Every structure is written in structure tokens, then in C-alpha cells.
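Structures are listed in the sections that come next.
Look for chain A in each of the two complexes below; its partner is chain B in the first and chain C in the second.
And now, the complex of A and B:
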């Protein structure tokens, strides 16, 4: 058995070393070099002293928060109602199906929908609101980002609700709880882990969406991701890009600590 | 069951589904439009499909995308399954937890971080950016999901089956191929499908690590979309949507079949016990 374990760990361990540990180490290492290749702390000094980067970070977090909140508001009822349906597995597959469509194709569809003299614009003109600038606004960025993230929020919540034993809900009703009490005291707390993993899988990518900010947001919204892409692929300042990358990793770890806490407690409790 | 939902609930679900599917159907619809933009349907035509099938560059990119998706998923499934088996056999709690935490780093890392750090990594190795760097990246970011989908199946598996196999004289290889792998096959299969999905859906990582010569569908659409609307892309997305529908239908019926087989087996077992 021991040999078997080693055998399994050879390819997998190699992957961990080369593609998990090495890249993280490299991005931290790179953040200490300026554009001329000299070892320096100036990237971090620039980040914390120029208001531009701090403001950009704050904006990015704020937008990610908005996207996550809107997505959650739409997804929780959807996940709950899906669980009540007959053939719910099929309906869930239909929710997941759009995620199989390439992200870029969906974004591209919105360029057509929202562009000047696009369908939504024509519709607004038709009902009398008149033509509006829809593409390249903050609202369009929020809308498209939410659209993209919805299935990723529905899935974990759906699973959490599916695992919830209906007898808890029945017991709560039998004991005289109102619909809202049943939801807020029984259903929601018991499915909180699903919500947390949903928040995790929406909030972190939302910090780094750069393609939507470019194509839909028209560079009005600069997220951490946009800044990293800009530094790596446009200005070729890998040091500064890596510095923002490190900041993004820190933001990610904080998010995970905030959303992962409950789960760990649960795990140790069950382990006993 | 269905009647349990009130009218409002049904309306809500219908609206969510409309929002989810409207952009996709919109894309598909305009792939048949005679015009050049995605506004005002100008009449039915197959022209854009013909342009698509006569565009060798785009066909090459579609093929490249599929090859990367299938190859990377295959490797990721093998390595990920091995990883899950390794984690399963690791009894030491702390080691197990550490390995699982390392496993999850790429799952939660933002795409840009993965892309940027892989770019630094490949550049330091002196690897030329192109097919190989894209393939390696896709394998790398698909492995953790395979591990996460296979591991629960291993934990669900009745561990005494392994002891029984050993008692009956099976060597480790036979135990693996005759007992363990069949038991966790559904997990391996969904791991593979998830890896394919990850690979097909990826844009950011590929965008960072692909060089000038090699392109996948999402990178190509990104550069075209920056220049404006091109209905050839609509035709492509219509076909893409069709393929996705077929894949998901296949997956669904396979699941149904497996479920059916399971209950049938159980009935047989119960019949024997009686």
C-alpha cells in the first residue's frame, strides 16, 4: 500500500510543486523587481502611496461586492424554487448549460444587445424611453458580470438546499413557525455553507474580471484584474503587475477566511 | 409536485430562465440574419454559416480549442484521479489537510493570477509560448476539480471491499482496476466533463500564456469582439450551443441510466436476500 501511495503522489506531487507552489513563489518574487530588473521595494511603496492604486482596489472590491450581492439575491430564490420542481436534475442542468457556452460568446452577445441601435436600445426607443447609452456604462458592467456569475451561485446553494432534510422544515411548520420564521431560522442557517461557497466562487472571480471591463465596461471600471493584465501584457511592467497580484492574493485569502470559518468549525465538530 | 409552486414562483423561475437564455438565443437568431449587425432582423440566410465553413483560420482555431480541451482533460483526469487515490490513502490528518489545501489553491485563485504566474513560470523556464504552454496550463488548472470530484466517491466506497479483494488474493493492481476504479467511475467521469468545461470556458489564463502563433476560440473572439460585431461569430456560437446541448443531453441520459441500473441492482440484491 505504501508503494501505491508514493506512485500516486509522483504525478500529483509534481503538479503541486510546479504549478501550485512555484507560480505563487514566483509572483511574490517578481513583485520585488522594478521594470529595469533591479531588486526593490518601490512597487509596494508606489502601491501604498499613490492614491490611484488604493482607489482602484477599493473600487474593485466595491464592484465585486455589488456583483456578489445581486447574484445572491437572484440565485437563492431560484435555487430554492428549483428544488421544488419535478425533474429538478434536468432543470439544474439547464441552469448549468449556459456556463458551457464560452464566456466570450456570452459577452459578445451583450455587445450586440446593448450597443447603440442594438435590440435593447430599439426596445427602449419603442416604449418611449428613448435611445440611451447602454454599453460602456457601470450598470452594463454590473449586469453582464451578474449574468455570467448567476449559475455559479445557484449551484452550491441548490446542493445545500437539496441536502436539507425536509423533516426539519416540516417540524418547524408543525411547531407553529411562520413561513418567514421557517426560512430565517431553519432553512437559511442550514444552507449557509452553500451560500458561503457561492459567495466565494463569485466574489473572487469578480475582483479579477478584466475581459468584461474591457468589452462591456469600456475601461470605465478598472478592477484589480484589469490592472494586472495592463501591467503584464501592455506596459510590460511585470514587477508592478505582480505587486497588484500579491494584493489580489491577499484579498482572496481574506475572503476565504471570512467565508470558510463556519465550515471548519463544522468539520472539527463532526470529527469527534 | 409542480402544482406546489405558486404562480409568482413559476413566473420568477421563468424570468430567470429567460434572462439566462435570451442572450444566447439572440446570438443564434442573428446568425441567420441577412444584415451585418445584431439589430433589426433582415431576413433569413445561411450565408454566415457558409463564410464560417470557408474560413480555414477559424476552423483551425475551433479544432485547436477542442484538442486542447480533450487532451488537457484526459491528462488532468489521470493525474487528478491518482492524486485523489493518494489523498485517500494518506491516513495522517495534517498531511491530508495540507495536500487538500494546496489542491484548492488553483480552484480559488483568480484567473489573472494563474495566468500571470504561469507566464512568469514559462518565461523563466524558457518555454516558447504556444500550444504546449496553453496545454500545460489547462492541465494544471483542471487537476484540482478532478480531485475534488473523485475524492467523495472514494470516501463513499465501502472500504471493506478493498480488504476483501486483498483477502481473496488480488494484487494491488487488480484491486485498483477491478474494485476501486469501477466504484469511483462516476466521479472520474464527472471530473473529466468538468475539466472539459473548464478548458472550453477559459479565457484569461489562455490569454496570458498563449503566444502569437496559437489561439483558442475565446482569445480569437476577444480580439474580434474588440473590432465590433461579426455575424460569423454568431454562426459559430449557434453551432457551439448545439454541441453543448448534445453533450448535456448525453450526460443527463447517462446519469438516468446509471440511476436506473443502481435501483435495479438493489432490487436484485433484495430479491436474493429474501
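And now, the complex of A and C:
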């Protein structure tokens, strides 16, 4: 019986070992070697002493934050409205659908839309505003990144709202809460777990975006993702690339801790 | 007479094609304990939801304190609900749950504290204010839900099968407590249950419902002793219901004999149904019995024997007797004229009440 159970864990265990643990160990290991292959701590020294890397880190976090914030602002009301609709499963499907299309493909589609003489620009010219530089701006970068991340934010929030028992809302109204009070005191706190998983699944990948920063942002926004890519593929400085990788992993862990199991703390705070 | 606080005027509720409330009329007086009693699906919850404002009536007027409130939102009604699933907010502890309605308005921290502690004391939960909702038992959650609903001092408290999730013993305890709480607070309770014993034990007034209609309204004793029809008689407690016909006023015929009774006002020879409660029947000798019965089964129930049998004309009888008998024996079944209750077919509650008026004056002890 016990052995039988163990057997089912083998694929999972292998997967974790080969594709999660091993790469992380390798990255950490690599980060202690310089370009000449000698063991050193200099990569970390460089990272913390060069303003460039710190600025990149700040940029990554800042843009990831912006993307997450905008996505959340759009997604929460959308998820909420979606739950009120009649054919909500269908509408949800329409929102999930774009995630099935390859990311690169969507990005190229946006290049077509936003480029000079692209559809959007022509339209702006037509109504007398344009032509405008759309591609390779911060705004277009944020716009496209947000567009791509929105389904990942909507989905967990949608589920959290769908699972919320309507009797909580009724109880709140019954006890005298206005619509807004009901939202802020009951609905939002009770769907916070959905928001947290949404934030996790948007913020963490956004930290290491590099393709969109290049293709849409025109490398005006340099993030850690871009830096890693450059070190591995261009400068061949795997040690430095790995160091930044480690930094990213640490950042992700911190994000997880901040958005993850905070129930205990939340509880005691309430008790006051 | 106490002031009428809630009134339903011809309330109809439809979901699509189906009519779940078919013209409900009633008046709720201030300070009494009311029970909506009926089988599952008969529309009890729907009535509460209409009073609380969670759903609209398709037709008719809901009056509160003399004003029509059909369009008043739930949060503006002086009515609070104890939900069937309690609906305690899981992200707040006991104190915050009870304090919730107070924190919505400008009540000072100090006042909130006093009132919450008072409410918790009222439901015998002093000392539990710092517990989390998932750290207390079902019975305690129930009390928290009640405390939360009364802390705002509503005029009316609605309770939707609040005891159905509790075990038998706790249930009985809570019946006493709820009744006592209602009398202490002096506010109107509208209590929903499908359990007739619960309804009889707790209420000032019972509304017996079936299939979207109120069949009969009255005190527990009235409804138990004088059910209006077969459904009510059968639903409220156990009863023997046999067919017969009215010979004349105060004389009814069933089981092949004529019996004196205390009912009147029917047409001569009108077919009727006769109800006699099992505890009103006594086992005696054939000679002394009102009618003769052959015993089919006998079960010892502790305080009494539950005996079933059949008479010569094929009616079956259920009797609660303190004396034992033998299966297969011929025994006499004895009852008094007062034990017989005669019901007409398809008589409305209005007609029933009107008919009672016509002769109850003469028969003052009824």
C-alpha cells in the first residue's frame, strides 16, 4: 500500500528534482564563479556596488508593481461584473482565450498595431490627433504587459468571488451595511486570497519580463530579465547572469512571503 | 391588542413561471413569537427574504409599521436575520462579528464594547469575544449569529431554521433559550421551522403553510386541537383521521356509529373528516368502549404504549395508552365528545373561523 503510493510520486519527484531543484542549485552554484571560472564573491559585490544593477532592480520592481497595480485595478471590477452575468462561464472563456495564443505572436500583433503607419496610428491620424510615436514608449510597454497579464489576475479573483457565499453579502446588507461598506468590509476581505494569488501570478513573472521590454518597450525599460538574457547570450558572463538570477529568485520568494500565508497575522490584528 | 408591525397584502412571488407564494396575507403584531411552519419547499424562506428585503414580491404590498416598504433596501429595514447557515464573517472574530452592525454607524468605541458584551451576555457567550469563528462549536456560532442580529436592537428578528443544524439535546436547550430571549427582549420573532414540535413548543402564533399558501393561523393549542383540514391535522402531530358525515349539529357519524360531538354549522349529511388525537383515545373493555377495535401492534414507548388496530369498518386507529393490551385482542376504544374534531372538505380559514363564531358562543368551554 505504502509502496504503491510512493510509486505515484515518482513522476512528480523527478520533475521537481530535474526542473526546479537542479536549476536553482546550478544557478546558485554558477553565481559564485567569475567569467574566468574562478570561485569568487565578486559577482555579488559588483551587483551591490554598481548603481546600474541596483537601478535595474529598482526598475524591474517598479514596472512590475505598475503592471500589477493596473492589472488589479482593471481585473477586480471585471471579475466582479463577470460573476453577475448570466452566461458567466462563456464570458470567462472569452477572457481566458487569448492566453492560449503564443506570447510572441501576440507581441508581434501589437507591433503591427502600434507601429508607425500601424492601425492605431492611422486611426489617430484620421481623427486628427496623430501621427504619434506609440511603439517603444513606457506607455505601450505597460499597456501590452498589462494586456497579457490581465487573464492571470482575473481568473483567481473570479474564482474567489464565485466561491463567496451570497449569504455573507445578504448578512452584511441585513445588518445595515451600504453597498460600498459591504464591498470594503466583507466582499473584498473575503476575496483577498484570490487577489493575492493574482498578484503573485502577475507580479512575479513581470519582474523578469524581457521580451516585451525589448519588442514593445524598445529596451527603454531595462529590467533584470533583460540583464540576465544579455549576460547569458551576449556577454557570456554566466556567473553575473546567475547572480542576478539569484537576486530575482530572492525577490520572488519575498513576494510569495508577503502575499502568501499571512492569515495568522491578519487574525491577531483583528482581535485588537 | 398589540400594534401591527408587519403586514403582507396579497403577496405573490414567482420565479419564472412557477408561483412559489400564492397570495399570502397576514399580520404580525409587535412583541410576539411567530412561527412559519411547513414542509420543505413550501415558501417559508421566501417569505423571510421578502420581509428582510433580499428579494422582491412579484405582487402585493409589504407593510412595515403602516408604511409600504417594497422598495426600501435591506440595509434600511429595521429587521435583522439569523441565517440558516449563520453567515458569520470568517475573517472576523466573535467580537468583530457582533460589533459589525455598530461599526457601520457612528457609535463610539466605548459604546460598541458595552453593547457587544451585553449582547454576548444575552446569549450566554461572555468571555468568548476573542475567539475566532472556526474555534467555536456550531451551537456557539448559532449564539453569535443571534447576538449579532440583536445588537442593533431591531424591531423584528427573522430566524430561518436556526436550530436545524444542532443535535437533539442542544436543540431542545436552544428552544427554551430562544423563547426566553424573545420574552426578555420583547421584540417580534419570526421563526421558520419544518418541525411541528418545535413550533408548538415555542410560538405565540403559528402559520401553517403548504405549497405557497398559509393554511391556518392560530395559537399552538388552537391549531393542535382544531386543525382546519387533513393536511394541518396530519402535519401537526399524529392523528387518527377517518371519513364520516355530519348527521346534525353536534352529531357525527363514522365507523358505523353516531357520536355526539361539539362541532356544528355544517349541512345535514355533509361528508366530513373526523380527527381524534392518539392520546385522547383510551383502551377499555368492549362493553364500555365507544367502538370496538382489534389490536394489530403494540410498542412500548417508555411513558406509554403505542397501539395500532382496526375497527369493523376498516378504519385504522393509533392509540397512546398507559395500559397494555394483547396483540389480536378485541378491545373497546373510548373517547369523549370533546375529543372529536370535525373538519369539512375544502373549507377556507375565513369560513372556518366564521363557522366557529356562529356556535362557539353557546359552547363556552371550547
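Operating definition for what follows: the second predicted complex is superposed on the first by the 262 of 272 C-alpha atoms of A that agree within 3 Å, B and C clash if a C-alpha of one lies under 4 Å from a C-alpha of the other, contacts with A are read in each partner's own complex, and residues count from 1 in each chain.
Going forward, a contact is a pair of C-beta atoms (placed from the backbone, for glycine too) under 8 Å apart; a residue touches a chain by one contact, two chains touch by 3 or more.
In this text the structure is predicted, and so the values were computed from the model without any measurement.
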Three-chain arrangement built on chain A, chain B and chain C clash or fit: fit
Take the Cα centre of chain A as the vertex and report the angle out to the centres of chain B and chain C, nearest 10 degrees. 80
Regarding the shared-chain residue A:190, is it in contact with chain B (first), chain C (second), both, or neither? second
Given the touch rule stated above, what does A:165 touch, chain B (first), chain C (second), both, or neither? second
Kindly classify A:94 by the partners it touches after superposition: chain B alone (first), chain C alone (second), both, or neither? first
Determine, under the contact definition given at the top, whether A:176 touches first (chain B), second (chain C), both, or neither. second
Comparing the two partners chain B and chain C, which touches a greater set of residues in chain A: B
If you've got the overlay open, could you tell me the nearest Cα approach between chain B and chain C in whole angstrom? 12
In the complex of these two chains, what residues of chain A are touching chain B? 1, 3-5, 7-13, 15-16, 18-24, 26-27, 30, 74, 77-78, 81-82, 84-86, 89-90, 93-113, 115, 117-119, 121-122, 147, 150-151, 200-201, 204-205, 207-208, 210-211, 214-215, 224-225, 228-229, 232-233, 238, 241-242, 245, 248-249, 252, 256
Note: in the complex, chain B contacts chain A through residues 1-2, 4-5, 9, 12-13, 16-17, 19-21, 23-24, 26-27, 30, 37-40, 78-80, 82-83, 85-86, 89-90, 99, 102-103, 105-106, 108-121, 124, 136, 140, 143, 147, 172, 176, 197, 200-201, 203-204, 207-208, 217-218, 221-222, 225-226, 229, 233-234, 236-237, 240-241, 244-245, 247-248, 251-252, 255
In the complex, the residues of chain C that touch chain A are 52-54, 73-76, 79-81, 83, 85, 87-93, 95-96, 100-101, 104-105, 130, 132, 148-149, 152
Which stretch or stretches of chain A touch chain C in the complex? 165, 167-168, 170-178, 181, 185-186, 189-190, 266-267, 270-271
